[in-house]
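Structure first, then comments.
The first chain written gets the first letter, and so on, giving A, B, C and D; residue counts start at 1 in each chain.
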Amino acid sequence: MTTPAPAAAAVPGTLGVAVVGYSFMGKAHSNAWRNVNAFYPTPRVTQQLLVGRDATQVDDAAARFGWAESSTDWREMLERDDIHIVDICAPGHLHAELAIAALEADKHVIVEKPLANSVAEAELMVAAAVAARSRGVQSMVGFNYRRLPALALARTLISDGRVGDVRQIRVSYLQDWLADERAAMSWRLRKASAGSGALGDLASHAVDQVAFLLGDPVASVSGTVNTFVTERPGPAGLEQVTVDDAAWATLRLASGAVASLEVSRFATGRKNSLQIEIYGSRGGLRFDLEHLNELQYFDSGTPAELQGYSKILVTEPSHPYLGAWWPAGHTLGWDHTFTSQAADFLTAIDSGTPTSPSFEDGLATQRVLAAVEASAAQAGTAVAPA
Amino acid sequence: MTTPAPAAAAVPGTLGVAVVGYSFMGKAHSNAWRNVNAFYPTPRVTQQLLVGRDATQVDDAAARFGWAESSTDWREMLERDDIHIVDICAPGHLHAELAIAALEADKHVIVEKPLANSVAEAELMVAAAVAARSRGVQSMVGFNYRRLPALALARTLISDGRVGDVRQIRVSYLQDWLADERAAMSWRLRKASAGSGALGDLASHAVDQVAFLLGDPVASVSGTVNTFVTERPGPAGLEQVTVDDAAWATLRLASGAVASLEVSRFATGRKNSLQIEIYGSRGGLRFDLEHLNELQYFDSGTPAELQGYSKILVTEPSHPYLGAWWPAGHTLGWDHTFTSQAADFLTAIDSGTPTSPSFEDGLATQRVLAAVEASAAQAGTAVAPA
Amino acid sequence: MTTPAPAAAAVPGTLGVAVVGYSFMGKAHSNAWRNVNAFYPTPRVTQQLLVGRDATQVDDAAARFGWAESSTDWREMLERDDIHIVDICAPGHLHAELAIAALEADKHVIVEKPLANSVAEAELMVAAAVAARSRGVQSMVGFNYRRLPALALARTLISDGRVGDVRQIRVSYLQDWLADERAAMSWRLRKASAGSGALGDLASHAVDQVAFLLGDPVASVSGTVNTFVTERPGPAGLEQVTVDDAAWATLRLASGAVASLEVSRFATGRKNSLQIEIYGSRGGLRFDLEHLNELQYFDSGTPAELQGYSKILVTEPSHPYLGAWWPAGHTLGWDHTFTSQAADFLTAIDSGTPTSPSFEDGLATQRVLAAVEASAAQAGTAVAPA
Amino acid sequence: MTTPAPAAAAVPGTLGVAVVGYSFMGKAHSNAWRNVNAFYPTPRVTQQLLVGRDATQVDDAAARFGWAESSTDWREMLERDDIHIVDICAPGHLHAELAIAALEADKHVIVEKPLANSVAEAELMVAAAVAARSRGVQSMVGFNYRRLPALALARTLISDGRVGDVRQIRVSYLQDWLADERAAMSWRLRKASAGSGALGDLASHAVDQVAFLLGDPVASVSGTVNTFVTERPGPAGLEQVTVDDAAWATLRLASGAVASLEVSRFATGRKNSLQIEIYGSRGGLRFDLEHLNELQYFDSGTPAELQGYSKILVTEPSHPYLGAWWPAGHTLGWDHTFTSQAADFLTAIDSGTPTSPSFEDGLATQRVLAAVEASAAQAGTAVAPA
């Protein structure tokens, strides 16, 4: 099943990596492993193995993406001594099985977000991660936007007290690829395969950012979901859409702060707009993924006649992650987050320090998403995540 | 009580106007009556009477604002034949009494928003308006943002089908004047005087816009409210804040569309930001009151590679209201909405056509606000406005 | 010739005003005089006389705009004791004659910009203004953008040293009403009537702002002009365009700073975009007339990781002119500048303090514009204004 | 001199690449060669050799950047059969010597911009490129911004007639790293090493874009340059700055269009702002490198009340280059331009089609820059590039 490539031999003294999946996320994660050593002073890696279902396609992808070998059998990577890191970009319903097996095989594991399709699966994964951690095996869930320099800067500003006590948070993640009611049915619109719709796909990022930026647990959730177009053309005629197109929630945080959440695949003209607004007693912050190199900051301490949101171009060497890349003023793109994520994971492996976000963090997000669904099922009545 | 000014005699053939109130709103409405005939070909008006509580202050304001006379007795205006229009800018708890009395005296009545402090009061006002209407007496509630050219244009685009079927609406009205926890107690923060906080003050505009733009009744409401700072320094020490600082709601509309609503006086750095986003099957719209001369429009019918939100500078002669003002490219400000509102009211009086928004419209908004409070009292469980 | 209106009698103790012109600028200046006392604590004025060429039209305009009387004979206003202020909105080639006559009749004179169509005319006007000033008679040229709160704030920030030493300035004024090559011929496109094209109309504002903001005289000018569409349809067939469609210049200022200037009526999609950028040793400023309530400020003293242009919403009570208008967060429009200009002129009349901009300031601008034309005639070779 | 790396053997059937230089540009070009095959279906490459002056540093850089070998002797690459492409990122004064030698050795050559430090050098390089081209050897100059999807889209829109006849162009490239007068002396501020200042560094990009977007030769140039801070602290005390800090020019194009140009290292708060505005008879375009994923387009054919600049997020699969990268809505960064540039060069090598920009294009830009200096030396008098 394995297709040896010319440079198949593992490079001594490096960490061998295997990625499972070769489509969108597999391509993005491959890009990260191919480039991480060029930018970050982390342990060196070898792109050892790309795993996928279709032999021809995975072989072709391996050649293009820089992998030494490919395989259609994911169990192979667990048995090899030259694989130290397993990076799971397979569909969500496979996360638990693969991650748990890899952790038990003492591989460091990174799982693309969201952690799992259900709280139950996520809990099993956390148990495996806790056990592995005691053996020095690391694990992480791939909420890549934690590595956006602008959001990493936002987090620092908040923890440094530059916005004061945070009271109100607005997070939305808006896309529009379903706005056309003639758009076709797909696995993403079936509950069996996708678990949920905008909720798992988009709200997971939003909820993770609330946790990342504020570190303030969600105490209760009132939410609702909606499916605007309930039938779509499938291969065998019109088919029922069984996931949400959009979701809304109000999250009360332990501190007393309140976060509103809105996600949608029907927001016509919004292509990939994760927007975050943080309002505090001493300042405010604003971010939009469509301008990912920018953070807007309002400092209430500025004299009244000069106050206003500053548009910070987050491309200075003193900004998070930027020192690894280019001189001041040179913008990054979406994919750089994965390279930085790989670097952070390598550093955590090397130093034994906690990962961020851990599987526990991923489980917490999962619980909030489940609470949105639970509240929605009760006409919006607030429930506590559990 | 009356202070005759030099030109106190009513001008024959004009409509005499009386305004009640001379502070913020009284100043804005006075400005409208002073200027309406210079811009709009409406019936001519005479600024006859300014009514207020403090004789010295109302007399001074009348002189500055261009009124012929002033009075401290609001009943006077009901008895005079040279007063045809009564414009009520008094505090909300006086709206019902004054408006009903004026309507019964056959005066055309315009009431500053919101219509009343309670649904019960609003219902009485509607009854009086209906009765007066049968006698040819007009009434209107002053949601002045209906006269923003950009929002009037938005409404036309929606009714012309240029955004297709509307599915998702986002409306927020964010201010920050309470973000400083040391800001003082005031009548606006006491339930007895203000009725509610951000809800009545800000959400009323937001809810009215949903009605104005879409004409799609609210079927159910899930909401919550919050008071972030519960005590503030008053004249006699710390005092309890008894209204909401912020409110959130999800509105399900009769058509199946869903609107989210968020209003706050704690949104640090947002000075007067009423934001509206409309997402439909054929296009999208965006608006922010802080850029009130602009409307952003996304047309899904544009070729894919050219699609994007167009920032329309709503200052062309072909745009709503603009023909009355300046040549293309010359922006209007916040106060021009009141002049256009006065013009529309005069036209309705002259032609006998329905006013917009009517007292009925004002009552409908009141019912939605009451539903937010009712839902909030039940942990967010959805309720129908009634 | 005079059409007495009902309230023709002058109001004792007020300053009587006459405006010459009733089209675009006459309407804007009338609006200013009608409203100035409602907002500013200046001497009180009476809208006494509107002067124009067409008896019917000026009479109608006077009624709409609030003037007590109208006249078709501009000399009448010079002879009347109840006229104290003459405001000249007539076409440019009449400025010199009217202004000089009015000053000699001891009327305070405000002239719409630009001061005149030529340096020679402007010099005569300055002579008359100097002579009148010695008799306590004031004069001003109406560069209304000096009264934009955002630009008045910019000036204060510069003079307070908040941008440090200014080195580089970029000023452009872009419109697009000639971009359509089929747009018709008009008096504005004939040198005989208009003097120049974009240069006199748009560059005059730009040059005045350089003077206003920096107070740094122009030492030399290199420039060029262009006419993109040289023939346009006139009433009798195609006609030659004899003014510039666009102009460019580099201005070296006495301090060593350099300003670039670009004005155009061909900038497709720019409706009324006066843009100003100021770059100094300690900060930067940016402004666009299409967002006239905003000023952007960059403070080099901010810590590097927080630096960025702040978008200041110039609507706080502490901002220039704003105290006269509405509470914080309520935006002004284009026409408010004229009301503030009238207030400033009344204050100068009342207090005897210097006007801004004076006729001398208007002449200085005229000399810079003439230098652009002189340099353009010499293939861009730099010349000193004279 | 050569340091063999583990995988030093050339990969058969691939094109071997050598890069000269390992600092900023060497890092960016290495990144391109490392990634080009992962995204583009071009001929496959092998990262064979990194050349630099310091053996230790170049060896370390080679290891990090993915090169098989390193060398301190640039002549080595000319002699090896496994090197097919030479990519020159060495300082400008070395471009001519290296490029000519490489072309004569039948290596395909890409040279980082600007082509050379002088017109004379550039002419020699063009001669060598012409001769090599007749032998099937390709050459290109690395104006990477031609590969920005937004600017490639702009070019297509212009050539498709979507902006009509272009009349007016505004190009500026503004940075601020010299705004602090205490910033230190460096080789970039000495004429001997850098040739010029902002002119060669920034205006070269701007002039290349005018050529790329419009294909309209520059007929005459009026320009000026300035050095705001004439002395800066060097290793041995204050030293004279001998290059320009900023430059301005007006370019008359063959078609009659006029382009203005402004570049500066003193534009406080502008980090890397290449701005382009194109005004035509049927539309307009706007671009800013600080938002490199966006293009703004104004279509004069849209109904008047809907006209406005559309902000196109240039991340659709139908946009130039985007198909190679990520799904719709995922933004690229600055460095992706180099990968796309490498792909285009490989395609030209493979297909024998002309490169863009060719050395001839680079020479044309050089001539315009020389004309700016010549005009500046004559007080701005217009000169023709030659």
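Just so it is clear, a contact is a pair of C-beta atoms (placed from the backbone, for glycine too) under 8 Å apart; a residue touches a chain by one contact, two chains touch by 3 or more.
Source: prediction; values computed, not measured.
Student: If you tally the C-beta contacts, which comes out ahead, C-D or B-D?
Tutor: C-D
Student: Average the CA atoms of each chain to get its centre, and name the chain whose centre is farthest from that of chain A.
Tutor: C
Student: Taking each chain's centre as the mean position of its Cα atoms, how many Å separate chain B from chain C?
Tutor: 35
Student: Approximately how many whole Å separate the CA-defined centres of chain C and chain D?
Tutor: That gives a centre separation of 43 Å.
Student: At what distance in angstrom does the C-alpha mean of chain D lie from that of chain B?
Tutor: 55
Student: Would you mind listing the residues of chain A that make contact with two or more other chains?
Tutor: 307-309, 313
Student: For chain D, which residues count as touching chain B in their complex?
Tutor: That would be residues 153, 157, 296-297, 299, 302, 304-313, 316, 318-319 of chain D.
Student: Give the list of chain D residues in touch with chain C in this complex.
Tutor: Touch residues, chain D against chain C: 163, 167-168, 170, 172, 176, 179-181, 222, 224, 226, 228, 246, 248, 250, 256, 258, 260, 262, 264, 266-270, 277, 279-284, 298, 300, 307-309, 375, 378-382.
Student: Quick check on the complex: what are the chain B residues that touch chain C?
Tutor: Counting only chain B, the residues touching chain C are 6-7, 11, 24, 27-28, 30-31, 34-35, 37-38, 64-66, 175, 177, 271-272, 290-293, 313, 315, 325-336.
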